[in-house]
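Chains here go by letter, A, B, C and D, matching the order in which they are written, and residues are numbered from 1 within each.
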Amino acid sequence: MDTTVGGNKRVRRAYGFDEVALVPGPLVIDPRDVDISWTLGGIRFDIPLLAAALDGAVNPKLAAQMSKLGGLAVLNLDGIQTRYEDAEAILQAIADAPADGVIQFIQDLYAKEAIKPELIARRVRQIKELGGIAAVSAAPHTAKAAGMAAVEAGADLFFIQSTVGSVRFESTRIAAFDVAGFVKESPIPVIVGNTVGYAATKELMEAGAAGVLVGVGPGHICTSRKVLGIGVPQITATADCAAARDDYHAATGRYVPIITDGGIRNGGDIAKAIAAGADAVMLGSTIAAAAEAPAPGYSWGMATSSADLPRGTRIKVGTSGTLQEILFGPAHKDDGTMNLMGALRLSMGSLGAHNLKEMQQAEMMVAPSLPNEGKALQRAQGVG
Amino acid sequence: MDTTVGGNKRVRRAYGFDEVALVPGPLVIDPRDVDISWTLGGIRFDIPLLAAALDGAVNPKLAAQMSKLGGLAVLNLDGIQTRYEDAEAILQAIADAPADGVIQFIQDLYAKEAIKPELIARRVRQIKELGGIAAVSAAPHTAKAAGMAAVEAGADLFFIQSTVGSVRFESTRIAAFDVAGFVKESPIPVIVGNTVGYAATKELMEAGAAGVLVGVGPGHICTSRKVLGIGVPQITATADCAAARDDYHAATGRYVPIITDGGIRNGGDIAKAIAAGADAVMLGSTIAAAAEAPAPGYSWGMATSSADLPRGTRIKVGTSGTLQEILFGPAHKDDGTMNLMGALRLSMGSLGAHNLKEMQQAEMMVAPSLPNEGKALQRAQGVG
Amino acid sequence: MDTTVGGNKRVRRAYGFDEVALVPGPLVIDPRDVDISWTLGGIRFDIPLLAAALDGAVNPKLAAQMSKLGGLAVLNLDGIQTRYEDAEAILQAIADAPADGVIQFIQDLYAKEAIKPELIARRVRQIKELGGIAAVSAAPHTAKAAGMAAVEAGADLFFIQSTVGSVRFESTRIAAFDVAGFVKESPIPVIVGNTVGYAATKELMEAGAAGVLVGVGPGHICTSRKVLGIGVPQITATADCAAARDDYHAATGRYVPIITDGGIRNGGDIAKAIAAGADAVMLGSTIAAAAEAPAPGYSWGMATSSADLPRGTRIKVGTSGTLQEILFGPAHKDDGTMNLMGALRLSMGSLGAHNLKEMQQAEMMVAPSLPNEGKALQRAQGVG
Amino acid sequence: MDTTVGGNKRVRRAYGFDEVALVPGPLVIDPRDVDISWTLGGIRFDIPLLAAALDGAVNPKLAAQMSKLGGLAVLNLDGIQTRYEDAEAILQAIADAPADGVIQFIQDLYAKEAIKPELIARRVRQIKELGGIAAVSAAPHTAKAAGMAAVEAGADLFFIQSTVGSVRFESTRIAAFDVAGFVKESPIPVIVGNTVGYAATKELMEAGAAGVLVGVGPGHICTSRKVLGIGVPQITATADCAAARDDYHAATGRYVPIITDGGIRNGGDIAKAIAAGADAVMLGSTIAAAAEAPAPGYSWGMATSSADLPRGTRIKVGTSGTLQEILFGPAHKDDGTMNLMGALRLSMGSLGAHNLKEMQQAEMMVAPSLPNEGKALQRAQGVG
């Protein structure tokens, strides 16, 4: 199972979505009977799908709509929404900017205006007023101030997110962010990420996290692997963290769900993530392609705005349909980006899984999607 | 042989057509002496090739022609032929429809008209009148009614096909389809599919199936893997099911052939499928490219017409030659899509296999077709 | 080392040129001191390179030129040269034919005229008169008649070649070709191919072959893998046959060289073939790209002319330089297709191999050439 | 861990940059606290980055600038700078030459003028006068004469570089270059390369090398793998040589740093090289893309000028920014080619590595970057 790449350098083989496939067994269940609900921070959700805290994916209106449909959207507290009063105009400007120089354009917009506590409060209240569950996300260094403002305004769930989230942080210059302390003091549940690996996940759970976001560097709008060399394919990352969750649960009786975040493109990836052990999945670009998305047709990552080392750019995601159609269909495309929950139900039914816990036990095979097979298809379609 | 993708998630490596190659040994046999006949449901066929129950591949005329040439074509009872009196006009309309919006066009056509028992009967009688063997296919939920009409009209073989076929089906809303009961009551042999896996195959054989269709999600006109995450590469699927067939045969004395269905593009794939353990193969797009095919130059899958979750689209397959040329040549192309049976004979002869049972024992290697090698060839041909 | 693809189907992993690389060690030798000579059928050659018996690669003039340069060219006795008096005009016509329909054009030309013993004799005499070593090749079913004519005209070496060459051949319709008998009666050394695998190679050596051609289906102008499913990557094929050669040598004291034939594109492939165990290599398309080649700029395989099942087409190979430049440089391209022997010498020197026998022991690694790396390069060159 | 490719040919699997990824653990460090300094030949450098001795990458001015920024640039003593007084004009001519025939154009320019000791001295003095550390590189056969001239002019470090560098060299025609003798007599530290493999590295260290360059054939402007079949992917090469360094250090107490040279394209590759065991990395094309580079926008390898067997061509590298921006940012691109040292610091911090020695122990996984994933991204960006 493990080998060396040379000398004494030991490695494991890691797997991504495109390298595995799910395998039906002898039992098939009516998709309508499949239970895809789950619980995060004491709140029960009808569907195991979160919209990622990207400026191009989530604004207060979309967050409320997502709640209505049974899922959860997370609002980014470090982005445009909390820096600019008229966020929609800025988002439109980013969508309209020419591709050439767009990274610097984004860098400048994020640098020019500071995060404003009153805007944090306003965005949270907007979500609540529209009837949504208010989940918000901040980086560790802004979490304290942002958290206070958000909680006071009525936020329900707090996400702390950084490129690599961890309990232990060393610095000679700034005070280390104390995850356990923050969680203890927070009146609302705190979900922490992003992480990979058994040990880091377990430490976050021991620090009191109500949920853990899994995924470092695998997303489509993220170039961490090219820039930093860091990036664990999501099937392996999810399976490793699921093992930590199960062991922590067995030892303490507390069940902390893990959410696979990054790189998910279609219904097949969602089914695979859960079969690898995830309790839910987080989507970015796919949600940014909803008709209701804040930056029509475009998305960019949290690290795109980094002043000195951007890891991602603005990508065109197009518009595939309404949020309702993306989640529940009907689909008029066959690429797996529409009716995601219908696809998950049919996948689980076909695999004989009554609920998400059983889906986590579904049979999986290593089955690379061959370049040639894709090409054969393209040729047949007159595309390639 | 098996490993984990991370944590405790155990997996096996699965293989597709493009990842294996056949290996000649010290014996070569005259291709003309090779026996490629086989038996399904008590009927002996000269060639181990079935035309898939796709609306773009099989109509009564093609079915009769296929019988004449020694093979078997299966007519889809859930499609255009049994919904529309003038099926040919509808099929032509699908072929003529613009690519943009074609999925919805197909969805609408399949939704607008119900399946009519009198059309089922008429199609079966048309095949018989033209001298063909009448093999028909229905989904489990239409199988009872369709089966009665087809049998009365003189059908010879009945196929029950769904995305994932199985003996055990659970639903709180509809009565489960009783495979064993259906088979027992059916006056004609029943072939069931599609399936993968040792256990599911054995259960279908124990339920009385006269044949088992192998293949979930690997076809060219099928996007199950993207939409559902489900899809087992055909070499592995075939070898697993062949093991179940052999064990079932050893235990009961009854030999139930397995038919590899999906993803086969050329003579090489046919040879590989049989070497992996198949008794016969089922082809879709390749047959849809026959001059006699019902929807000139186009094909689409059974799941393309799904109202809320289409898994496939219409693809252009072109027209490669007459059915006679596709099956027996002469070929004037070198891509393996013509003279399929000549290719199978030459392959078996080159591998020293006197018949299909010996071909199932042919030596196979894992030998990926490298993207670079393909490109080198394309460059040389001035294509890429 | 071996595994199963599923069920009970056991397989080995096979490797092609693009999947391996050679590894330098602590000793470097002056390339000019490297000995690359070898012996076939009692004749010593300065360079381990043969031109393949393709109509687009070898005519009498090129054969003589190849001898002069220290190598060996094999003339096809089943092709245009022995069917047409004015072969050059026919070859030019094939080169000039439009791509569309070229396979049928070739099929017709090979079918229209029979092989003529007097032309066989004339071609052999032409080679001898030009001072060359006359090596000729025929298929088993034409070998007897062709052999007689060629030997009488003064041929030096006789090659028997078929898609899969073997000692044991079964037919109820034609008499089996008796390899051992033919070899025994032949007054000149007989080289047999093509083969792969330890057992088949050993049987050919035991039947008296003076050399064995290794390679079934890996060539660039050959589509056996697509048509028949047959094809063993050349590194594995060569290493397997080399083991048979070494065991046969140890047991009998007779050393029968093996020649890797098919799929070799550049100096790197030549070095790898020898490091895998080959005594020499056979090139087709690369030689067809010589300024002296018979069909300016084009090549096609022996199986392209098959009347009912062509496995290959005419490909454009261009013209890269004179035979002298291709073999010994100077090269003004960096793609490894020029100065092949200079490259082999430098490769052997860099690997510390004094001669071909030592080169067969060079360290090899499995090191796939990644598609992404190629693309990075193309991008940098402004190509992709 | 090792297997055979067939017969008795044993091989190891080797890995390149694109096949591995780094894995964060539970500790994160402030990037500003990370120590990335190292020592070569007794000189301490702030950053572990060398500019390769390519004519398109390094001239005296760039070398001085590189020193100022904390790194080291190596000047090629066998190239244009020491053959032509007005080197800049020649370099500009190479940059301006049409792509067609550029290899021969380069071959001619390098052949026409000999290396001149007075130009060697002048280039060294230019670097020193500009305040730089003068590191120079020569091939073994020119090392003696060049070394003398360079040392007299005040050179600080001497590099001996050939395609495959080794202690043992055999020739019947020229005197073998005595590495140990040269090192002993040299008044300045001598770094030797390029090499791969445990044994060769250890011998170079035992011969007194002050540093070893790792990498044979993996670079972007190098086609050694195609021409010679030689080429070891850099992750494996680095890990093997690092093991030799560590064992040599344990046995002798002398620490000889290894420098990974070739194939590095971005910050991610730098991080991976060090995690594989490198003490520093050498970059070519990336430095040639600096605004200060000698041949604006172009680069070519040392082996491009080979008179009879060029292994590389001129490639367009473009201009990405100033050397300062390439090394320290700010980056306005997300492809990992800008702010390389910022990226390394962030990568190390994210992996919990305080310094380069700890980074060498970072967790690595085998995690291929799948072609499909890349394509998905390109599609999204409207590129592919």
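FYI, a residue touches a chain if its C-beta (ideal position, glycine included) is under 8 Å from a C-beta of that chain, and two chains touch if they have at least 3 such contacts.
Here the structure is a predicted model, which means the values were calculated and not measured.
Looking at chain A with chain D, do both copies bring the same residues to the contact (over half shared) or different ones?
Different: when the shared numbers are divided by all numbers used, the fraction is under half.
Need the most distant chain from chain B, centre defined as the mean of C-alpha atoms.
Comparing chain centres, D lies farthest from chain B.
I'd like the Å distance between the centres of chain B and chain D, where a centre is the mean of that chain's Cα atoms.
55
Could you grab the centroid distance between chain B and chain C? Build each centroid from C-alpha atoms only and quote it in angstrom.
Computed value for the inter-centroid distance: 39 Å.
Residues touching two or more other chains, restricted to chain D: which are they?
Answer for chain D, listing residues that touch two or more other chains: 12-14, 236, 368-369, 371.
What is the shape of the graph in which nodes denote protein chains and edges denote touching chain pairs (line, ring, star, complete, other)?
Graph shape, chains as nodes and touching pairs as edges: a ring.
What chain pairs are in touch here?
A-B, A-D, B-C, C-D
Within their complex, state which residues of chain B touch chain C.
It is residues 1, 12-15, 20-30, 32-33, 198, 235-244, 246, 266-272, 275-277, 329-336, 339, 342-343, 346-347, 350-352, 363-367, 369-373, 376-377, 380-382 of chain B that touch chain C.
Where on chain B is chain A touching in the complex?
Listed in rising order, the residues of chain B that touch chain A are 3-9, 11-14, 16, 18-19, 101, 103-104, 107, 163-164, 166-174, 195-197, 199-200, 203, 216-217, 220-221, 223, 225-233, 236, 263, 265, 285, 304, 307-313, 315-317, 368-369, 371, 374.
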